[in-house]
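One chain, chain A, links the two complexes that follow: it is found with chain B in the first and with chain C in the second.
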Partner chain A sequence: MIKQAGNTARGLALAVAAFSAIAPIASRGAGSEGEQIAELKQKLDQSLKMIEALTARVRQLEAAQPASTPTAAATAVPADAQRIETVENRVAQMEASNAARGGDSSSLPMHGFADVGVANHNPWNPDLKGYYVGDLDFYLTPRLGTHTKALFELNFETDTDGSIGVDLERAQIGYSFSDAATVWLGRFHTPFGYMNTALHHGSWIANALRRPAFLNFEDHDGILPVHTVGAWLTGAAHGEGGKLLYDVYMGNGQRISGGVIDMRNAGNDHGQLIAGGRLGYQWTEGAAEGLQFGLHGFSSKIGDDQVPEHNTQLRVVGGYGVYDTDRWEHIFEIYLFDNKDVSGNGGTHKSTAGFAQFAYRAPFGVPYLRYERASLQQADQYFAQQAFGASYWRAAIGIRFDIDPKSALKLELANTHVTDQTPNQIQREYDDALAQYAIRF
Partner chain B sequence: MRSGSSPLRTRRWRGARVIPLIGLALAGWAGAGELFVICNAAVALQPAEIRDTFVGEKGFVGAVKLAPADNSAIQAAFLEKVLKVDAAKYAGIWTKKSFRDGDIPPPVKTSDAEALAYVKQTQGGCSYVGTEPGPGVKVIARF
Partner chain C sequence: MNARCNRPIARLCSLPVWFAALFLAMAPPAVPAAGVGLSQLPQRWLGDDGRAIAFNSLAGRRVVLTMAFAGCHVICPLTIRRLQQMQRRFDARGERADFVIVGYDPENEGPADWRAFRANHHFDRSNWHFLSGSRDDTERLAHQLGFEFWKYDEHVMHGMRALVFDARGQLQLELDSDTKNWASAI
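Showing the complex of A and B:
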C-alpha cells in the first residue's frame, strides 16, 4: 500500500510540473521573450521544489513501515493454511456424525392426525347436531433395528354419546424377513377390503369426510370386526409391472358386548378364533398403473352378552377394487355374509354390504361421490345384537380442499335411509350437511 | 526486493487456493442438473427399483435391508427428475406409508458429503448426490 502511494505521488508531481511548464507557453503569445523566460524559470523552480517536497514525504512514509507487510504476509500463509485445515477437519467430523444419524436407535418419531367439524347431523350419531370434536390420533413408529419394526396408535376420540374415549387402536410389533414376508403380533387393522387398512383413522388421509357407515369403527356403530388382536403375515411379491399382495391372519374371536363388537384385547375365554386372508394384485406400471383388485374372506365364531348367549359363525367373503392415480381415486368393496347360528336352530342368514366411491383429483380440490348400501338380515343375531345392525343406504357428494400440505377442509352432503326397524334403530330418512377440518402433524 | 516479492507470493498462494474453487464452481456449473443415485457397495439395486426404494415399497435387496436417505441439498431435483413428485406429495406418500405400515421415512442428509458418508458407512444405504461420488460407493443411475 505504501509503495503504491509513493508511485502515485511521484507521478502526480511530475504531471503538475509538466503542466505548469507547458500551460503558460500555450496560453500566452504576447510579452517580451526575456520576461517569458524569467517567468518560466520561476515556475520551474517552484515545480522542482514541489517535487522534492513530495519525494521527501514519500520516503518518510515508506520509512515509517518498511518491512512489516512482507513479514505479516509470510506468517499469514501458514496461519491461514492451519486454520483452513482445522475447519476442514471439523466439517468432516460433522458430516460423519450427521451421516450416522440415520442409524440412531434412540429416535422416536411421533406424528398424528386431528379433526373437528360442524354438521346438522353428527357423522356418527345422527341424533346430535352442531359442532363436534373428531379424533386426536397419535401414532409412533420407533426405529428399532434392521428387521424389527413397531407401530402404536393412540386415539382420543369422541364416542357416539359425546364422551371422550382413549383407545390403543393399534399396538403391533413385527419382524420383516423380506419384502415378501412380515409377521406382526398384537392389535392391528383387520386386513379385509381396501379401506380398512389403507384409510382407517386419520381423517386427513382419506379424501372423503367419513367412512361408509357399515365400515365404521366398532365403537362408532360399525358392523365388522375392523380390529383384530392376533398374528398377521403380510407381504408383496414384486413382478414385472405389478405386485402380488397377500395377508393371512388369525386372532381372538370377537364378542358383542353392549351392542358393540369387542375385539378382546386381553384374550377371550372361549378359545374361539377369527381367521382370514386377503389376496390382491396391484399394477405399478403401464396403462393399468394404479389399479388394484383383490379378494378377501374371514370367519369367526362370535358370541354376545345375552342370556342365553347367541353364537354366530360369521363367514364373510368379498372383493375390492381400487384405481388410485394422480388424477383419480375410485374404490369399491363388497362383503357377502353367510352367517350360521351355531347356538340354536336359527339356520344361516345371507346379507350383503358394499360401497362404491369415485373421486377426481382436480387442481382446486377433490370432489367425490359415494353410494353405500347394507342389506342385513335382522334374524341374524350377529346384526340384531349390534347397536347399529340395521339395513340402510346412503348417497353422498362431497369435496376436499387441501389448504396446505398438512390441512384439508372437507364438505359433504348426504342422504341416508335406514330401512330396517330394530330395537336400537328406527326406520327413517335424513339429510346430512357436514364440514370437517382435518390436519396431520 | 523483499518488500516487493512477498506480497506477490501471497497473491500467488491465494490464487492457488482460489483457482481450484473457481474450477469446482465451473465444474458444478458445467454439470448443473446432474444427479447420481448411489448405494453402498454391497447393494445390488436396479435403476428401475429406485422409486420403490425411496417411497418405501421396496425394503430389501436379497438379504440386505435397504436404508435410503434423502439429501436436502438436491432433494427438489431428485423428486422432480426421479420420483416425479413434488415435496408436498412426497411427504404425503410417507405419511400414509408410515401410518399404514409402520415404516419410517428416510433420514435427511444436508449435503453431498454427508450423503456420501452415510452411504459408505451404512449397510443397505442409498442416497443421491450432485457431484461425481468417486470410489467406495456404487452408482446405480445418473440423471
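Showing the complex of A and C:
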C-alpha cells in the first residue's frame, strides 16, 4: 500500500515534470500562451494538492506500520519535492518568457495597406475608366535593438498602363541616438513639404482619395523626386508647448528615364547629389495645438535619357502649413522652382506648384475640399521630358467614411484642366467621379 | 510616355516569389490572454504628472483600461468619448472607477505630451490616469492584453478597445468597436 502510494506520487510528479518539459514546444503552436500557462499552473496546483495528500497518507501509514518498507517512502518525499521545485522553476521561466515575447526581436510583424476602386477616369491615368486595383503595400519593421531601426515597404501596384509592378518603395536602416536625432541610410521619402513624409503609400492613411497630381509617386507621373536614395538625418527638439522638427539629407541625383523620375537605387553615373533640408515647428498644446509650419528646400542635378542628354540643376524652395486636430485637417503646400539648364544655354526657368486642402472630421465622415495648381515652364527640360510635366489645375470635393477601424470608403468628384500642350499631354478638361475602398491590416 | 517596364526590380522579381517570401515572413498576430489580472501586468509606469504608478496601486476599485496615441485624431477621440460615457454611467450609479489610458508610443509621447493632452481635452479628474512606460513594458502590456498595434512612421495603427477589471483586479469585460454601447455594457 505504501509502495503503491509512493509510486503514484512519483509517477504524478514525473508526469507534471514531463508536461512542463514539452509545454514550451506545444505552446508555440497554440493560440494563447497565457491560457497554456494558466492551465499549467492550475494542473500544478492540483498536482501539489494531490502530492501533499498522498504524502500525508504515506506518513500516516508509516506511523501505523513503522516496520514495513521505510526506504521507498522516505526517499519519495524529498525526490518529489525536488521535482516539484523544478516544475515551479520551469513555470516561472515560462511566465518570464511569455512576458518577454511581446518584445521578441526574432518576430517580424508585417502589416500594410490595400485599396481598390472604380472611376470614370482612373486616378493616375485619365485615359482609362472602370474598376481598378490600387496598391497592395506591405510594411515591415523588424525590431533590431535599442538604437538600430529598419523599415521596408514593398508595394505591389498597378501602373498607369494597367500592368502590375513591384517596388521596394522604402528600404531604410538607421541608427537612433535619441528622439532628437536619427540617421537613416537607404531609400526614403524625400523630406519636403508635409504630405510626402506624413502620408505614405497606403491610401487608407489619408483622408483624401489620392494625392495632388504633382505630388504623385514617380511611377504615377509625379513631377518631384519624392524618393531619395541616400542619407537622412532627422529629429525633433521638444520645448515647452511644441517641438522643432528638422531634416537634412543628401542622396543620388535623379534621372528622367522614359518620362519618369528614376531615383537611382544603385547610384548615378555623374556623381551629382540631391541635397536639401526641412525645418518646421509644431505646437502641441494651448490654442495653437495641432498647428505646424515649415520651410523646405533642395537642389539636385537631374539628367534625362535624350540624345544629347539634358542636365538640369533643380532648385526648389517652399513651405507648408498644417492644422491637424480632432476636428480639422487642413494642409497647404507650395513649391517654387528655379531650375537651371546646365547642359546648354537654356537659362533658368521659374515654375510653381501647390495645393490647399480643407477637411472636417465630422461624426459621420470626413468631407474635404482641395484645390491644386501647377504652372510649369515647358521650356524647362526637367518638366518637358516628364510624362506628366504639363501645367494643370484641379478642384476636388470628397468624403471619407470609416466603415470600421481598419477600412474606409472614399468618394471624390473633381474637375481637372490640363492647361499646357506637350508631346506627352494634350490640353484638355475632364470631370472625375471616383470611389475607393481602402483597408489596413 | 510610359517607362514602367524599364524598372529593373519589376523585371527581376516575379510576383509569386514575392508573395511566397512575404507570407513565410509573417508572424502570428497577438492574442489576448484570457483571465489575466492587473497584478500580472508590467507595473512600472509614469503618470502624466511624472510620478511612478503601478497597476497594483489601483487595487480595490474597478479599472477601465485602454491604450491610446495622443496624436490620433480618428479612433482615440472616439474611444475617449466612450470612456467618458462610461464615467457618467459610473457617476450616476455612485460607483468609483479608475480610467487608465496607456500610451502606445512612449518613445514619442511621454508624460509631458500626456499632460498637454489632459489639458487640451480638459480632463481634470484625478481618477483618469494617462500612463507612459518603457517601450518593452508597453509592448508586453499590449501583448498580454491583446491590444494589437503597429507603427507606420509617426502614425500608430491600432483598434478601438477597452478592458474592464473588477475590484479584485481580474479581467471582467472586453469592449471593442463591435460593442455598440460601452456605457450600457458595464
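Everything that follows uses one rule, which is that the second predicted complex is superposed on the first by the 344 of 441 C-alpha atoms of A that agree within 3 Å, B and C clash if a C-alpha of one lies under 4 Å from a C-alpha of the other, contacts with A are read in each partner's own complex, and residues count from 1 in each chain.
The rule we apply is simple: a contact is a pair of C-beta atoms (placed from the backbone, for glycine too) under 8 Å apart; a residue touches a chain by one contact, two chains touch by 3 or more.
A quick note: this is a predicted structure, and the numbers were derived from the prediction, not measured.
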Inset, instruction - Tell me which partner A:Asp167 touches in the superposition: chain B (first), chain C (second), both or neither. - result: second
Legend entry - Which of chain B and chain C A:Ala387 touches, first, second, both or neither: second
Inset, instruction - With the two complexes superposed on chain A, say which partner A:Arg440 touches: chain B (first), chain C (second), both, or neither. - result: both
Legend entry - Partner chain in contact with A:His111 - chain B first, chain C second, else both or neither: both
Inset, instruction - Mind working out whether A:Gln427 is in touch with chain B, chain C, both or neither, as first, second, both or neither? - result: neither
Legend entry - Which superposed partner A:His147 touches (first chain B, second chain C, both, neither): first
Inset, instruction - Check the residue A:Asp324 against both partner chains and state whether it touches chain B (first), chain C (second), both, or neither. - result: second
Legend entry - First, second, both or neither for A:Asp159, with chain B first and chain C second: second
Inset, instruction - Using the superposition described at the top, determine whether chain B or chain C touches more residues of chain A. - result: C
Inset, instruction - Once the structures are superposed on A, label A:Gly259 by its partner contacts, choosing first (chain B), second (chain C), both or neither. - result: second
Legend entry - Common ground on chain A, meaning residues reached by chain C in one complex and by chain B in the other: 99-103, 109, 111, 139, 141, 151, 179, 197-198, 200, 202, 205, 238, 284, 405, 440
Legend entry - Partner chain A, residues of chain B touching it in the complex: 2-7, 9-10, 13, 52, 57-60, 63, 65, 67, 69, 87-88, 91-92, 95-96, 98-107, 109-111, 113-118, 120-122, 124-125
Inset, instruction - State the interface residues of chain A toward chain C in the complex, per the touch definition above. - result: 31-35, 38, 99-103, 107-111, 138-141, 151, 154, 156, 159-161, 163-168, 179, 197-198, 200, 202, 205, 219, 238, 241, 257-260, 265, 284-286, 289, 324-326, 329, 361, 387, 402, 404-406, 424, 440
Legend entry - Contact footprint of chain B on chain A as seen in their complex: 3, 66-67, 69-71, 73-74, 76-77, 91-92, 95-96, 98-103, 109, 111, 139, 141, 143, 146-147, 149-151, 172, 174, 176, 178-179, 197-198, 200, 202, 205, 236, 238, 284, 405, 440
Inset, instruction - Flag every residue of chain C that touches chain A in the complex, lowest number first. - result: 1-10, 13, 15, 18, 22, 25-27, 30-36, 42, 73-75, 77, 107-108, 112-113, 116, 119-120, 135-136, 139-144, 150-155, 157-160, 177
